[in-house]
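Two complexes are shown next, each including chain A; its partner changes from chain B in the first to chain C in the second.
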Partner chain A sequence: MDLPIFFADYFGTRTLVGIIAIIHVWINHAFAVGMIPLVVGVEWWAHRTGRQEWDALAHKILGVCFIVTTTVGALTGVGIWLSTALVNPYAIGSLLRVFYWAWFSEWVVFVAEVSLILVYYLTWKRMTGLRKSRHIRIGVILGLMSWLTMAIIVAILGFMMNPGSWLEQRDLLAGFTNPIYLPQLLFRTAAALTMAGSLALALSLAFTDRDSPLRTQAIKLFSGWSLFWLAPTLIGGLAYHHVIPQAMLNNMPVAFGTQAWQDLYGQLVHFTFLAVVAVALCSLWGLWQPLRTNPLVWIVPVLLLTGLIGYFERTREFIRKPYAIGYYMYANGIRVDEVPYLVKTGVLANCSWTTHRRVTEQNKEAAGRDLFMVLCSRCHTLNGINSVGENLAKMYPDQSTWSPAAIESFLKNIHGARPFMPPFIGTTDERGALAAYLATLGNRRDIPPPVAVAAFNE
Partner chain B sequence: MANDLPTEPHDPRWLPSRATAILIGIGIQLLFVAIAVTLIVGSARDTGPLVHALLIPEDLVYPDTDLAPRAGKQQPPIDVRKMAVPTDGQLEKGNLLFAEHCASCHGPSGAGDGPAGIALQPPPRNLTSLSAWKQGARFSDLYRTLTLGLPGTQMPPFDYLGDADRFALAHHVAGLVPERPADTGASLDSLDAEFGLSAGAKEPNIVSLSTAMDRLVAEKTPAAGALSSEREAELSSLEPQGTAVFSQVVHPHQLERVSRLLLADASWRKDSDRLRAIAVDNLPDNGFATRAAMLSRADWSALNRYLTLRFEGE
Partner chain C sequence: MEPVIPKDLPLGLPAPFWLLEFLLLLSFALHILFVNLMLGGSLMVLITEIRGLRMPDWDRISYEIAKTITVNKSLAVVLGVAPLLSISVLYTMQFYTANALTGHVWMLIVPLLIAAFLLSYAHKYSWDRLAHSKGVHLTFAGGATALFLFLPLIFLSNVNLMLYPEHWRSIGSFWDALTLANVLPRYLHFLAASVALTGLFLAVYFGRERFFVSLELQSLRREQLVRSFYGIAFGSTLAQFVLGPLLFLTLPAHTISTTLVVILTVAVLPLGGLAVWWLWREVQATSPGRRLISIVAALTAVISFMVYARHDVRETALAPHRDLMKARTAEYLADVRAAQDYLVMPGGLGGKPLSVGAQLFQRKCASCHALDTRLVGPPLVEAARNYAGNPEGIILWALKPGRNRTDYPPMPAQEMARDDLLQIASHILKTTGNL
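So, the complex of A and B:
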C-alpha cells in the first residue's frame, strides 16, 4: 500500500479498464488471431488455383486488418497495461513476479507480430510469381505469432481466475498451466476464427460488386468458415465452463445481469443461446442462399459475435470477484495472506498516500473516506457507475435512517451477504470509521464534487 | 526487381480435392472435440469456498472462552542418591512406562525387536546386552540418555515425562541386565549438578491463548523500535510535521529495520541531506517506503528533527 490511489468518479476505474480491454480483445480476436489464418488460407488457395480476384480480395481484407491492428489494436494493447497498472498496481505487480519471463516473451512475440504484419502486407504485391510461396510462409509465421501473443496472455487471464497448484508450488510453470488455461485457449482460438469469418464476410461486401460471382462465392466461403468454427467454439466454451470453480459460477447471475437484473439470469442465458443460434442460422443462410439476401443481414453476425465476446469478457472479469487474483489477492489489491496482519495493525497505518494515519473520534469520517479510497474505490465510485451511495440506497431506501451502526453491521458480514465482495479488512475502529463515512453519503443528495485523484489531496 | 522474375498464373502443386477437404475439416472438428473431452474428463471442478472461513477477519478475532493463566509450580527437590536405589513402586511404574513409551521400538522384552524399530537406522539397541552403549550403561547414564536423547539416532529425548518417571524407567532398563557398571557417589553428584535435580524443577507458567497469539503476532511483526503511546503522543505534539512524514515513510512492520539502519550510522543526526541519502539509498529494501523518494526538502528536515527526538540518547 505504498502507491498513490487513482480514482475516477462517475466513470469508475474498472469501466476505464473494461472499455480499453474489450476493444483490444475484439481487435485481437477478429482482426488478428482469427483473420490472419483466414487471409493466408485464401491467399494459398488463390495461388494454387490461379484465382487473381481472390488474391486481391484477401489483400484488401488484410489491408483493413493491418490498419486496425497496428493503430487501435496496438494502442489499446499498451493501454491495458497503462490503465491496469494505474488502477491496481499490486495485482499487476504480483502478475509480473509470477509471469516475469512470460511478460518478456510476450513483448518479443508482439514485436515479431507487428513487424511481420508490416512485411506481410507491404510485400504482398511485390512477392509474386516464384516468391509467392515465400510470402505465404511469412503469413503462416505471422498467424502463429498472433496466436502466441494470445496464448501467453490467456495463461495470465486463467491464472487470475484460479492459480491452481501455483498456490502451493509458486513457480512459473505451475502458474502457466493453471486449470483454466487450456480450456480457455481452446475457446478463444475457435471464437476468434468464428469472428474472423463473419467479419471477412462483412468486409468482402465492401470490396466486391453487387451480384458479381466473386461476392456470391465469398459469402459462401466465409459463411462456411464461421459455421465450421462455431462448433469448436461451443465445445471449447463447454470445457471452459467446466473448469470454473463452483463458488465463482455462483456469481454468474450478478455477472450477467448486474444486481439490478440478476433475477433475469435465466432469460439472459436464453438470449445468449439465441444469439449463437442466430449466428449459425445466418451462416447457414449464407451457404444456402448467398444471393437472395439484403447485404445488411451479414452485419448481424458481426454485431452479435462482437456483443457476445464483450459480454463474455465482462462476465469473466466479474465472476472471479472478490479476487483480482483467485484465492491470492482481493480486488482491492490486498493479499489474502496479509489480512491477519492488517486486521491487527490497521490498514491506514500501512498506507503511504492517505491523509489520516489512524482513526480518532475527531477524524472518523475523514479517515473513513481514506478507507473508502483504499478498500472500495477499485470497483466503486461515489457518484456514478456502481456508486456506494446508490448500492446502499437499495438496501436502506429511506436515507434519513442511515446509521453508522446499521452499515457497520452490514460491513461485518459483507462477504457473507454478497459473496463477490471481499470481507472487510482492517481494525474494528477502521470498520466503524468507514461505516461513519458511508452513513454521511445518505444524508445529503449533494455529495461534494469529485476530486479526480483524491488521495493526492493532503 | 520482383517484376523481373518469371511469373506464373498459378501453382500447379497439390490442391486437396473436395473429398479430401471435407475429411480434413472433419479431422479438425474431431481434434477439437477430442481435446475438449480430454480437458473435461481430466479436470475436476474446484468446489471449495470462495473465501476460506479462517481468512474472514471476523474469524480472526480471538474467542471469548480461553485458558485461564496459571503460574508454574515449584517442584520439590530430588535426592539423586535416594532415587538411585530402586523401590518396588518405581519398578512397577517403570514396567508400565516401558510398555507404553519404549516397547514399540525396543521390543516388549527390551531385545531391540519392536515392530516400529525394524526400519530404523541405526537399529534400536538391544537393552538386554551390555556391549557398546554409546553414552555409558550406568544408571546415571540411562537417566541422561532418557532426558537428552541420543544424537545421531532415532532415540528422542523423553524430557516431557517428568523426573520421577524417567528415574522409574531408568530402573526398569537397568533391571533388564542387572550386572552393569555401578554408579559411584561422584557420578551421581555430577548427574545432580548437570540437571539441577536437588534444586527442584520449575514447571512453566501457562498463559492464555490470546496472550500466546499476541506474542506470536508480535514475533511475526517485530515491534522493536516502537514507542509507548504516551511518548508517541508527546513526539507528535512536539514535531507534528515530522510525525506525519515519518508515518508515511516508515510502516509499523518496518520499524525494526529502519531503527537498525539509523542507529548504525549517526551521521544523519545533524544533516538532513545525509538522512535523505541513507533513506533513499537501496529503497525499499532498507525498510523505508518508496514514498521517501518523493519528499520535499522541508519534509526531510522535519523528519530529521522528529528522528533526532525519537532516537535521543540511543
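So, the complex of A and C:
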C-alpha cells in the first residue's frame, strides 16, 4: 500500500524468492554444512595414516566447495534479502524490526564462517607438518560455525511457524522451543551430511584416475558415509513430518483440512521414502560395484534430497497461509488490524502508489487493476505461474460466462471457500471493481496490463 | 513534485536510534573498505597484467594482486549484510521504495556479482594454463572489472534515490534513478577512493621484504614498485580535491547542513591535504614506507569523517520526511483503532440475524453456489431437486463429491463436522423448498 509494487508477470514474484532460496539452501546444506565435516574428517584421517593422496583429494573437493559457496552460495544468501524486500517488504520489514538482533548475531557467526573458510582453504598447502593439526582444528571450528548459522536460521523459521508468540511476546525463544525445531534441525543436518557424501563422490570421480585404487576407496568411503547418515535423515524427516500438523493444529486450524495442503502433506511421506531409497540404492551400488559407476548416478541423490528439502519448505510456507506473519499480517502485506478501517474507507484511498484513488463507474476496470496489484499480485500473476486467469478458468470453464457478479460473489467469501486465501479487503465498490477487472481477463484484452510502478494521475 | 509520504510499519526500532546508526556506519565503513579493495584490486590486476605482456615482472605482480581479490571480495560481501540489515531497519520505507522503483536492476545484483566473482576465480586459477593465450585470460579480468565497475552504480542509484521522496513519482526505472543530480559525482568520488586505498594497500603489501624476495622478480626493485603504488594513491587522493567539491556542489541545497560544511572544511580538507603531502613525500623517498603510520592515521580519520558526512547528508535530507511519515502513521493508526469496532469480520454479515445453517452456508458454500444463478457451481434450486427430503444425501455428497455435470468444475471435498454439514443441508433444502 505504501510502497511501489514490484511485479513480475509470468514467473511471479514468489517464484523469484523460491528459486533463490532453494539454490541457497542446496548450496548451504550440500557444500557447507554437510561437506566441511566430511572434508575435515578425511583430512584428519589422511594426516593420521600418512596418506598424501587422500589429503590432496580432500583439498580438491574443498576447492570446489570454496568456489561455489563464496560465489553462488554467498550471493543467493544476499539475494534472499534483496528479493524478499521486493516481494513482501511489509513482512520482511516487520520481521527485521523484531528480529534484528537475531539476524545480527547470525551475521556475526556468518562473518566468522566466511573468514574461517578463507583461512582453511587458502592455508591448506602452507600449514603442513607440525602445523597440520592446527589446520585441522580450524576446519573443526569452521564446521561448527556452518552448522551454527543453520541452527539460528532454523529457529527464526521456527518462530514464523509459531505465530501466537508474535502477538504475545515477540521472543525468539519461541523459535527454539517450537515443536518443529529439533526434528527440523535433525532432518536438515542429516540430509546435509548425506548430500555431502553423494556430492563428494561425484567430485572424486572428476579428481581421481580411472581404475586407480584411490577412486575405488573414495567411492566406497563416500558411499558408506551417505549410507550412514541416511537413517538419521529418514528419522528426522519422519519426525518433522509427524510434528508439522501438531504445530499447525496449535497455530492455524483454519488451514487444516484444505485439500491443497492435504495433498502436499500426503505426498511428503512418499517423497521422503523415494529419496531415501534412491540414495540407499546408489550408496549400496557404490559399495558393491565401485568401478562401475557413472557420475550422473551420484547427482540423482543430491537432487532428490534437495527436492525433498524444498518440499518441506513448501509445506512449511503453506501452513502460514493466509498470513505472511501468523494472525498479524496477511500474505498481501495488509495487517489484520487494518482490515476494518480499509473495509470502511477503501484500499485505494489509503494507497500511496496506485493510479486511481477511488472507484467510479467510468474507471471501474482500471481501478480494479490497481486493486489486483495491491491485493493479489504478491502471490498471483495475471497470465503466468499461479495466475488468476488460470484459476478463474478452472472455476468457470466457459470463458464467455465470466461475469463480474459471479466473481464478486466468490470474492465475498473467498476466505471461506479457500481457507488459505485472505478475505477480500476493501469497500463493496472496490470488490465490484476487482471483480469487473478479473472478468475482463477472460475474453477482453482492452485493459492494458498493470505497470509495476504507477503514480496518481487523477 | 509532491513528496510521497508513506505510512511506516507500526513497530518500534529494535534498539535506540543512535545505536543502530552507529552499527550502520561502522559496518558500512568496513564493508566499503573491502569493496574499494575489491574494485581497485580488479583494476590494478587488469592494468598490471597488460603491462606484464612486455615485462614479465608485472605479470607476476598482477597474479599476486589477483590473489588478494579472492579474500577481499568475500569479506566485502559478508560485511555488506550488516549495513543492509541496518539500513532496512532504520530507513525501511525510503530504502524499500528505492529498491522497488529500480526493482529489476536491483535484483540483477545477484547474478551479476556471481558472474563477476566466477570470472575472478577463472582468471586467477587459469593463470598458468592460459599463459600463452593472454587474450582469453585478459578477457576474464576485463569482464570481471567491467562488472565490478557497473555494480556500484546499482547500489548508488538506490541509496541516492531513497534520499529524494520528492522525485520518487517521476522515477520509473534504474536508468531514471541514475539521472538524479549527483549520482555521477558520487560514483567518481567512490572510484577515486577505491584506487587510492588499493594503491596504499598494495604499497604495504608489496613493501614486505620477505614476501617481495619470495616473488623472485627479474629487474623490478622493491622501492621502485612501492613508490609507484604510493604514486597511484597520491594521484587519486589528489583528484579527490576536484571530485569532492564537485560532489559537494551537486548536492541539493536542502541536504547540506552546517555540520557537513564544518566537517568538510575543518576536518576532511586539512587531514586530506596532510595525507596527500605525506603520500607525495613517499613517492620521492629513496626508501619509502616511513610515513606509513601517519598516512594510514590521516586517511582513517578522513574516511571516518566522510562516512559520517555521508550519513549527515542522508539525515538532513530525510529527517523532515521522517517527521511527516511519523505524523501520517500516527494519524492512520488512530483511524485504524477507531474503526476496530466498525466491523468484526471483513465481509461481515450485518442486517437481520441468520440461522446457524445460513451462517455456515455463507462461509463455506456461498462463494460457489447461489440460489438461482450459476456461479462456480450449479444454482441450488437445480441441485437441491435431487435431494428433496434427503439432507443425508447432501452430506454424503459434500464429504466425497462425485461429478454429475461435465460443464462444471469438480467440487472439492468439504471436511467439516457432521453436525455443521447437517445444518447446511437443512438450510439448503429449506430455502429451495425441498425440505
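As a working rule, the second predicted complex is superposed on the first by the 382 of 458 C-alpha atoms of A that agree within 3 Å, B and C clash if a C-alpha of one lies under 4 Å from a C-alpha of the other, contacts with A are read in each partner's own complex, and residues count from 1 in each chain.
Please note the rule applied: a residue touches a chain if its C-beta (ideal position, glycine included) is under 8 Å from a C-beta of that chain, and two chains touch if they have at least 3 such contacts.
In this text, all values refer to a predicted model and were calculated from it rather than measured experimentally.
Superposition of the two complexes onto chain A shows a clash between chain B and chain C. Of the two partner chains placed by the overlay, only chain B lies in contact with A:S133; chain C stays clear of it.
Within the superposed three-chain model, A:K412 lies in touch with chain B and with chain C [touch as defined at top]. More residues of chain A are in touch with C than with the other of chain B and chain C.
In the overlay built on the shared chain, the residue A:R292 is in contact with neither chain B nor chain C. Once chain A of one complex is fitted onto chain A of the other, the partner contacts of A:T70 are limited to chain C, with no touch recorded for chain B. Residue contacts after overlaying the shared chain place A:I425 against chain B and chain C alike. Contacts of A:A231 after superposition on the shared chain: chain B is touched, whereas chain C is not. Once the two complexes are overlaid on the shared chain, A:R210 sits clear of chain B and of chain C alike.
After overlaying the two complexes on the shared chain, residue contacts for A:A349 are found with chain B alone; chain C is out of touch. Stretch 331-339 of chain C is the one among 79-87, 223-231, 331-339 or 385-393 that clashes with chain B after the shared chain A is superposed. Shared contact residues of chain A with chain B and chain C: 2-3, 339-341, 343-345, 350, 352-353, 412-413, 415-416, 423-425. Listing the residues of chain A that touch chain C in their complex gives 1-6, 16, 20, 67, 70-72, 74-79, 81-83, 85-86, 89-90, 92-94, 96-101, 103-104, 107, 110-111, 114-115, 118, 122, 257, 259, 335, 337-341, 343-345, 350, 352-353, 394-398, 401, 405-406, 409-410, 412-418, 423-425, 452-453, 455-456. Partner chain A is touched in their complex by these residues of chain C: 4-7, 9-15, 20, 23, 70-71, 73-75, 77-82, 84-85, 88-89, 92-93, 96-97, 99-101, 103, 106-107, 109-110, 113-114, 117-118, 121, 168-172, 332, 335-343, 345-347, 362-368, 370, 373-376, 407-409, 412-413, 415. Interface of chain A with chain B (complex): residues 2-3, 45, 47-52, 126-133, 162, 179, 182-183, 186, 190, 228, 231-232, 235-236, 238-239, 242-248, 250, 322, 336, 339-341, 343-345, 349-350, 352-353, 357, 412-413, 415-416, 419, 422-426.
For chain B in complex with chain A, the touching residues are 1-2, 5-11, 13-15, 25, 28-29, 32-33, 35-36, 39-40, 43, 45-51, 55-58, 60, 217, 220-221, 244, 247-249, 251-253, 284, 289-291.
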